[in-house]
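Working notes, structure below.
All chains are identified by letter, namely A, B, C, D and E, in their written order; residue positions are counted from 1 within each chain.
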Amino acid sequence: MPLDYKRFNGPEDSVSYKRFTADYLKSYDELHSELIDETGHRKDGRAMDEARPMYVRGNFVSQAKGSSYIEMRGTKVVCSVFDPREIVHQNEFSTVGLLFCEVKFAPFACKRQRQSHVPDSEEKALSVALRKAVGPTVCCQLFANFQIDIFVYIIESDGSCLAAAITAAGLALANAAVPMFDVVTASSVAIIGDKIFIDPTEDEEHLAMISPDTNTNHGVITMARLNGLMQIADFRQIGSLDIECILKVTDILEQECQKVFPKIQKTLVGYVKNGIMEQKRLSEEGKAREAKLKDKMLEWRSSIVNNSV
Amino acid sequence: MTEVYKHIHPSKYFNDYINQDVRPDGRDFDQQRDVIININGITSADASAIVKCGNTTVVCGIKLELARPKAEEPDIGFLISNVELLPLCSSKFRPGPPSDYAQVISNIVSDIVINSKCVDLKDLCVVTDKLAWVIYCDLVCLDYDGSIVDACIIALITSLKTLSLPTVTYDNETEEVKVDTGVKIPLQVHGLPVATSFGIYHKLPRNIILADPSAYEEEMCGGIGANLIVCWNKGLFCGIQKFGGCNLSTEDEKRTISLAKQRCKLVEQVIETCIKNGEVK
Amino acid sequence: MATLRVMDSFLMPGPDLLSSQGLRLDGRRPNELRRIRCKLGVFTQPDGSAYLEQGNTKVLAAVYGPHQASKSKSSTEAVVVNCQYSMATFSTGERKNRPRGDRKSLEMSLHLRQALTAAIKTELYPRSQIDIYIEVLQADGGAYCASVNAATLALVDAGVPLRAYVCACTASMAWHGGSPAPLLDVGHVEEAAGGVVLTVASLPSTGSIALLEMSHRLHSDYFENVLSRALQGCRDIEVILDKAVRDHLAEGWTKQDVVTV
Amino acid sequence: MAGILLSHTEKVYITHGVKNEYRSDGRSNIDYRPMELETDVVSHASGSARLRLANTDILVGVKTEIDVPKPDKPGLGKIEFFVDCSANATPEFEGRGGEQLANSISNIMLRAYQSAQAFNLKQLCIFEGKQCWKLYIDILILECGGNLCDAVSLAVKAALFNTRIPFVKAALMDGGNVDLQLSDDPFDSKWLDVGSAPLLVTLCRIGEKCVVDPTAEEESCSLVSLIVGVTGNPKYYNDYEDEEELPAFEAKCSVISMHGPGSVSPQNLRDAINQGIIAAVCLDEALGKTLFRERRDTEQFKRHSYGFLK
Amino acid sequence: MDEEGTEKICIPGMRLSTLQGHSSGQGTYVKDGYIFAALSGILKTEEDNKVIKLSVVSLITPSILPKAGDIVTAKVNVVNSRQVQCVILCTGQTILTRPYKGIIKKEDIQLKYKDGIDPYKCFRPGDIVLAKVLPTTELHWYHLSTEDNELGVIIATAEGSPPGVSMIPINWSMMQCPKTLVKELRKVARVVPENINEALLPLHFNQDDESLLLNK
């Protein structure tokens, strides 16, 4: 790999100390048995079908047109959206605008290895997936020949990053007052054997990607959904799953996306309410100032009159 | 309407405020923005801090790695700090490799930390010529609203102060490395550098010094970034840098240095209380 | 190391390239071409396309145009010939990391353009552009020659007016029993052995040379000798190409309909 | 694929055709176009295949290299997909013009081959933790006539089926190095086990219905398409003496992905996945039988090689 | 907030009504015979010719682009003998956070004497102008016109004057700096006063005070 002269680099042979810890190379079975305790609860105490609590807010980045922040315990995602700008290397007339999506991990986002600054294939794949998921919801025909930038930064990653990124982008777009067909929310599921982990953590996702030697189901599915129009904006699966399982998970995911929706709805309505209040306050202040100005004017005019007299 | 005016005629808009002895966000010329610190909010990092100075938000995450020390300096470890100005934090920055400005900021922050000698690099060596710690400090700006260096230094120092190193055993014969995360030793941090940014606004008859400028103020003072950065470390004056902008008179220079000294004490207190509270938790 | 080898070949120009019976490493005689097989119109989407095998070297060519030239390239006098030479990542013994964009491919693209511009009646299409794309599927020496020959066929298939066929051929030099013996159509093994390689692109029917390139050193006394051997190769190739074109045109017609000139 | 301009009425014509299960080339919505397949077409590669699906032309070469396995997966080999969109297909691909399309195809292929149930990387291991084989699967797109993904996956599976990996003797030396001995005999090698390798099926939503194997014209009428990767049945790729020893087989999805700017309704999605699995199972059977027949012909020197000259 | 109940808050994708008797305005779209909201904001209804027009008003300026017929505020960057290049800052009351490139061709500067006009005598780099957007003919360039009397330079600083000191129009083609008294040629816009107070005030009234008071 070529050396990056624009940053400070550490020694080339440096490796994370976690490589030398006792639990670096655990066997599949060990990892598997750790996921669920005797009572059928997950490592973090959740039930199998319980999503993590989600903290949502908009207006996170003061310099962006619209922005959002989503936190699902260990997964923290920031998204900001900027106004349309011209497409640099475009020479053909188009009737629709473009979405430019970039997903990046913080160098310290992953537990295991430090993330390189150079975009890796996972970041590129996430960017493509994000673009696919938010594409159907943005009214692209309104900004033909221009592009809207959507940047997602994953501060900390503990599973379901894509789902969090999509939901955050949907909120940030609405926050930026980009005309949209619908609010988009996403949710993901990890499947290991006959167990379905809703809103998986990094460990659960990691294990779901490894195939056990037996021919059992394993995989991760992420779905993005337009809640008002009841359409599926994106569906991506990886792993190896049979058809019954996929169909079952599709239903579950639809419900999960539906569950996220009210949170986004509430946030957006909250901002409109605040906005109305703010507007009122401003208009009152404005009126007060106007009155002051009028007084001053009268005073001043009378002084002219007096002077002339 | 104000916004339109600000957009169309920015210099006049700004001038109007300055003439009334007030800044557009309502602060006095010397007034700093509030500092908020949150420590160890990111569990995937070995140590972390989130710092907000007004709107400016910087996250620092530290990742520990092990490597063989350099042959010419076999008994010292590595402290690598980088500042990342993301495209999402402001429309000024584009995706791709770091811009010139980002590299300058990265350099300033790294220089301040290395020069302050707050971390003795010899402490980072595990076995001479064989194994040493590499501390990667990644500073990420999430919201760029001026005085980025101040926030970066606070975030970096706070997270260094909360960092502890796991114990490492190195077998000289088999060259096998074992790390025990159960026993951790806090990293020794000597001193506490604090940087304070100023903007110098050109105005007749006297230039005006703006402490802790916002992004808009920095722009009005000429170009992106602060004009003047003053650095104090535990009551010791340890650096001053001036970049472009207007000329600085001697009395202004003295005033900024004393302002920075006051601020240094305040910030120290904030960091100390924050770490204490964190430990109590 | 490299200079040493050049010296070697200069003093004793590749005595190991010919066996005592006067046969080459792959069993050919010095003046023998490798087997050429070709086909026109392999694809439907391009305006013209051709596939050509020269021994183990396999090349695909596609021609698009003439069409409106992109703004930056446009010329009011003549058509712009745009060439791209690309090698499949699996075309060589060692895997290539990228199919094009490296220095060698860019040089090849440039040489192709020079040879083909000489053959095309460029003055017929001002403000237009012809795209010629070459894809080398398998490289076993003489990839440039095969590319030129394939591009000629593709241009014919596209119906682009040509002055003449442009054919390319390589020649090298060996010694047989003390006398110089020029070798025709150099293969990869012979190229790698480090002898001189002269590449000629010519329009045999007009007798003109469009491109001449030589690697390594050769005594000027033997140059004419090698060049004439290469030109002979071009003439031989022209006959093969011509036959391929006629066969292609004859397809779907009965033989009687085609008047053989 | 860009470069195809259809008028509104042409689009309406295609959409109505699909609605009535009757497409402009006479196929029904679940029919594939005829394909031509030939393996072992590139001599510099360990395995190769060329597939022509109507106008779509794909050439795949598989090259092998010895590499060091990843530290967290010591017992597995490596696989890499590289797609190159040749400018022969369309002038838009000149230079780096086809890179985006190429990346999206290589990405979905990589995801489809990710599960061990689709392609077991253990067979590429030479010496655990020290040495393994790395497969470079180089895909060259020579002509685009719609339905690239399906064609690529078919050609890749055929090329892998055609790939031989030399037997290597590995011994651990002092100092942790591995000594490798490669046989000089090119026939001293093994075939790869690719029976379960996945095939991709693209389902293009046109109007309210989904079609398989869309032509380029149909693709330009569609706002969204679903790609389903389905694992293959080893039965068709191996010479089982006894039908009884066959492992129980169930087609599984190894990847599902959506492309294009549109969205689908949940019911549409379910139907499409079902439809995709059925199509993939049929394709897999046809491919396996063809490949197996070709291999037998080659072994008996009956096969005639055509390449691009046919 | 007692008034709050009367305002209907919308978020994108909310179904507002059927298309019968209603029409879709700003911030809404039509799908399958229904009107949906496209922005988050307040629902506004206007009755026009027995058809109720629904539109959603966002509290922050929506992401829009200048379109043909809009009056925009632009800043002049480059002036040459054939055209004037500028950056569009606002359309109407809406601030554009991104700069969009605009061009004023020589023949679109004023209504009369189109041929004899010299762009240097109408605009200078740094001037703020009001202009109208013409139909788009080029990618990424908005063609603008200042033909109308109400369009042209509104803010300009004379050469040599300190920044922030604007010139005052003295006739339709000339402006003067209040500090240095330098006169310069411009294609001046006839600004129709919006605020009666402003009109009553003489123009050399302490401008700094005035603008502060108007900040609302």
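The rule is simple: a residue touches a chain if its C-beta (ideal position, glycine included) is under 8 Å from a C-beta of that chain, and two chains touch if they have at least 3 such contacts.
Here the structure is a predicted model, which is why all the values come from computation and not from measurement.
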Topological distance between chain B and chain D, in contact steps: 2
Co-neighbours of chain C and chain B - touch as defined: none
Contacts common to chain A and chain B (chain labels): E
Chain centroid nearest the full-protein CA centroid: A
Geometric centre distance via CA averages, chain E-chain A, whole Å: 34
Whole-Å separation of chain centres (CA-atom averages), chain D against chain E: 56
Intercentroid distance (Cα basis), chain D paired with chain A, Å: 32
Between chain B and chain E, centroid-to-centroid distance (C-alpha), Å: 40
Contacts with two or more other chains, residues of chain B listed in rising order: 91
Chains grouped in pairs wherever the two touch, ordered by label: A-B, A-D, A-E, B-E, C-D
Residues on chain C engaged by chain D in the complex (per definition of touch): 37-39, 42-46, 49, 51, 53, 56, 58, 60-62, 64, 82, 84, 86, 88-93, 95, 99-101, 131, 133, 135, 137-139
Chain E to chain A touching residues, read off their complex: 1, 3-4, 7, 9, 11-15, 27, 29, 31, 36, 38-42, 58-65, 96-98, 100-101, 139-140, 197, 200-201, 213, 216
Partner chain B, residues of chain E touching it in the complex: 73, 75, 89-90, 93, 95, 97-98, 128, 155, 162-164, 166, 208, 211-212, 214-216
Contacting residues of chain D [partner chain A, same complex]: 71-72, 103-104, 107, 110-111, 114-118, 224, 226, 231, 247, 250-266, 269-270, 273-274, 277
Residues of chain D defined as touching chain C within the complex: 42-45, 48, 55, 57, 59, 61-63, 65, 82, 84, 86-91, 94-96, 136, 138, 140, 142-145, 307-309
